[in-house]
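In the two complexes that follow, chain A is the common piece, with chain B as its partner first and chain C second.
So, the complex of A and B:
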């Protein structure tokens, strides 16, 4: 990657760009010096990182897009959407109808799967605010008369929840494994990393599906919790590797030795010095883990092994879309819109992850994301 | 080189044994057998079934019998009564619990060729095309061609395989009926599945190649080649591309694993009679032996392919040889 690829469009002459061109620095070198200067002068390094992230337009816009869509997903029961679970078999398969032709109707019926406490409150508030008004079939309906827009929003909720839960599990396992291996080093490290190597070359998808075969026939809620844990337990490998590398690099760092000579205990140096150094990399890998967990959930749901029917997820929507097409009717919207939403979300997550990696992990090379 | 191969082999043996032991233990630890679904079985029938599948033996004995050609007869250790079941080491995974009168080995023998054909076809078009496109993008870096290819590769990486498959089905089989919708008999049937399966791989290879070639174009040996008076084409295709292929070779292992995984959904969408379809169905109707059989075969396969790609990469690049410390 050359520096010119990272240049800003436009070419505004700010003091910073002037300094950059005077010292003939590439954007990357300039940023590294900037953050070094921020650290030396005792400023909060996260401020400089935020500024750098903002300068990467795609990453910044992805962050906004993701924030907005997660808010929509979180407050889905509050929005005046039709019920995503109400089945009307006699209703015809409706193609998308533009909002300016049918903006909304007044036949909302609150039918959902068992909702949690917060969702019930939100739903009541919605009924208080909007009554029985609901939005029209802007994205069409599926073969069972359910509104596609509502299903996409509620499906996004599931996908997001799975992604976050899985990422959290991978965070806990990966970080503790990596810190232990990196901190103790020596033989422990060697064996732990050998285990990671072996695990990495296993075809995990097959093992997980086998696991779901054996464990998954109990109740559907038990199945879903197993599912979360299993997903997270699979994705900790690269996190462990990266954290271990960072911790190992730090073990020999002079400032840690200084701290110990000055009488800091092992535990306090762990907390005071390790956490701020490991945190950026953990954030980067967390952002890169979320899309792959999301993808995996939709993959399993597509195969019929993930989220089970009254509930909905994006993978399930893709499955329904694929099953709905036949030579007589081609409901293209059932395939296209879920694909579009999923693609956009994954794209935004990947872009954000790339941007964060540039900012938070300056030593990494700009490589294509996996 | 030989040491590396031995290390891979040791890893394979260890992980297969672990996978076997854990999955076997899980199958037995979970309450409820595979026959639970059929309600109201007479206790005597149940006992008969248990005896037929040796479920009445102690677990360790069942495990030994499952693994190896020990030929544990009905009357004890290495008994005289010949048992049809030869164990995993003899490539016998036992009878399928749902497909009556079929052994897992029979099902695998019928379905694995389809999956392998599909996977080989997908790899065969996607890797060369990915290399070609990646090199083109690097050679024309910064032009509209590069931008177009970047959009294409990003799409291919971001969209899941099953979405690509259903979109291509929608466009090329229904809206514009070029290819058949399902089935597996002629080459025309194979086009769409192989395309959908190979697309993510092609885009990843293209990205790898592009960044590798771009990196090489700035190195000294390329400058030397240019200085010798070689044309631009020769410099890129003969010199810059060659060492950029190393990461691609190393990626072939994970790529084949990804293709095997992707074939689960592609086979489902196109109704292909491959091992992936059987695996998914066995997971849905709790056919333990079939699921475990496919898992084992694919574990060994993926392990071997990974090891092969690693060895090939270290053979091509002497720097990679020996142990890698990160």
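So, the complex of A and C:
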């Protein structure tokens, strides 16, 4: 058996013998089999996942709700809403008036905090489109006569941006930090995790106050960007821990060794095998992170460290509403509507996270038994 | 004539245990393998049998570069494999592949059968997309699966089917050498027979050189031309399969063979079983002599001090040199007769 019948793809060819049959499937036979396979299950996996997500009603509606509210918040200056910063002391604590009673008025006066370039363009477009028409006080006004609906929409911009910042840092920094620490283990892992321990043991609020004062909040926009950086800097810590723990448990999984034997590089087995298997935990943890970031933001804003008036966020609105309640007047709308919007968003996030986790996990999909 | 593909020489592996943060030196070390020599010829299968903890899986892992040996060399066509980095290993992956024992864990739960089979081609950048699909379909058929399994996920397959997929993936790169690390021990017995038959067929079809690691002598018998028996990290006997079953030389092999029950109750009642006394020695503290001496039933037929004090080496026991055993008693017998 001197001439082994191998036809090595690497280039080394040895004469073929009858002992070993070569590849022999023809194009035609392959097409037949492939069409058989296609009828059994699945076409494009991402398309199949989209269909799966659509089948999960709550997750699908949550996706729509979140998409819609982000769009509304993004294009807020374009909408014919009253100015969120316009103080109207003649009409404080106006109870909600149904749209069919007062649909709108023609006394729009643009009064905002300093807006960015894009927002100014949107505002001009709005004035071009709607003139001075604005919607009525459908959700009532606050103690300074500012329209609640407008404040909720503009507050959503802050809240969603904070949520996005927290989620993004959790995802990017937290996941990669955790994967690296868990994968390499040993000394690298020890030092990386001690760093996380130290950061996590620092009192949060102190850290934020310290950074905000030291870095000098000259203008309110500079202050806001510092605020985002600070939230991002502290919010990936627990994600890193969770991911690191999962990765450590998975490090010796046989399929990773298999990938090594097949010749995969470390980086590619990390990206192709490890990260997808950590994903369900990441998604679940993310849906837990986002609400806490939003609540943390409202807490800081309440202390005067976050967004500063007249800017708003949902948490801040709810807090203001709660403060406005006294034995003589109970402006319930100031608490109810911000809380409702925030609660709905968080619920939708959780539902979407649940659905996504299920859809991305092939094990959770009930398929008809062949 | 057979051409030696894989040459294993004097492989030793020691695992240090108890080295901690405050303790630079290890408290103890486990000698998992010592002075293992093996030759794997092209198209031939070698069975590696031994009880658990005898180091056979460690040897298999060293051969595919999952572990670094403490000493010794592994050569594939004269190229030293043990010192290669992960990247330098890559071209050799096309020639030596492995099937793992844990068929449930060796497939990524998030990868469909198809993408698992495409992965080796993707890693090595072989073939066009369409050719890859064709190869992958053909591999599925080669291992007895069909188009209907193409888009399944591991959790939708039975244990036997998963092992078939794992075998197909190992064969995707058309290796010359296939290391089988207990490929059937996690399966039930009917599945076991099917997979064994499949392996026999694939070995012939792909002209594979196999190293079949198992603790079950009979699983090995069906596939392998030669069998090596391991005990406490050493090879104690190497023989052609037929000769080993007909006339085991090493007392440990004799005990191992006599532990296998026969299906015939008459024979089963009459045959003499060798029941080993005592425990195997701790791998942290191996005796200076033969590791099997403490349990050896034939030790007393010769000078027991020789067995306990002097480690027997693997020596040829017949004219061809194909039969080798590491036992003082065997050699003494040979010289007397």
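Methods note: the second predicted complex is superposed on the first by the 217 of 370 C-alpha atoms of A that agree within 3 Å, B and C clash if a C-alpha of one lies under 4 Å from a C-alpha of the other, contacts with A are read in each partner's own complex, and residues count from 1 in each chain.
Assume a residue touches a chain if its C-beta (ideal position, glycine included) is under 8 Å from a C-beta of that chain, and two chains touch if they have at least 3 such contacts.
No experiment lies behind these values; they were computed from the predicted model shown.
Asks: Taking the superposition as given, does A:210 touch the first partner, chain B, the second, chain C, both, or neither?
Replies: The first partner, chain B, only.
Asks: Counting only touches as set out at the top, which of chain B and chain C does A:241 meet: first, second, both, neither?
Replies: Only chain B; A:241 stays clear of chain C.
Asks: Let me test your reading of the model: by the given contact rule, A:343 touches which partner, first (chain B), second (chain C), both or neither?
Replies: In the superposition, A:343 contacts chain B only.
Asks: In the overlay, answer first, second, both or neither for which of chain B and chain C A:263 touches.
Replies: A:263: touches chain C, not chain B.
Asks: For A:30, using the defined touch cut-off, is the partner it touches chain B, chain C, both, or neither? Pick first, second, both or neither.
Replies: Second partner only, chain C.
Asks: Would you sort A:99 into first (chain B), second (chain C), both or neither based on which partner it touches?
Replies: Neither partner.
Asks: Is A:318 touching the first partner chain B, the second partner chain C, both, or neither of them?
Replies: In the superposition, A:318 contacts chain B only.
Asks: Who does A:310 touch here: chain B (first), chain C (second), both, or neither?
Replies: After superposition on chain A, A:310 lies in contact with neither partner.
Asks: Considering only the touch criterion stated at the top, classify A:253 as touching first (chain B), second (chain C), both, or neither.
Replies: The answer is second: A:253 touches chain C but not chain B.
Asks: Which chain A residues lie in the overlap of the chain B contact set and the chain C contact set?
Replies: 1-2, 367, 370
Asks: How about chain A: which of its residues touch chain C in the complex?
Replies: Where chain A meets chain C, its residues are 1-2, 4-10, 17, 19-21, 23-25, 27, 30, 33-34, 36-37, 40-42, 45, 253-255, 257-266, 268, 272-273, 276-277, 361-363, 367, 370.
Asks: Under the definition above, what is the set of chain B residues touching chain A in their complex?
Replies: By the definition above, chain B touches chain A via 11, 14-15, 19, 23, 26-27, 30, 32, 154-155, 157-160, 162-163, 165-167, 169-170, 174-175, 181, 204, 207-208, 210-211, 214, 218, 253, 257, 260-261, 264-265, 268-269, 279-280, 282-284, 286-288, 291-292, 294-295, 298-299, 302-303, 306-307, 326.
Asks: What residues on chain C touch chain A, complex-wise?
Replies: The touching residues are 1-3, 42-43, 64-66, 86-87, 89-91, 93-95, 97-98, 100, 102, 105-112, 119-120, 123-124, 126, 133-135, 137-138, 141, 146-148, 150-153, 155-156, 166, 169-170, 173-174, 176, 204-207.
Asks: Could you please specify the touching residues of chain A with respect to chain B in the complex?
Replies: Result: residues 1-2, 197-199, 201-203, 205-207, 209-215, 217, 241, 245, 295, 298-299, 302-305, 315, 318-319, 321-322, 325, 327, 330, 332, 335-336, 338-339, 342-343, 346-347, 350, 366-370 of chain A touch chain B.
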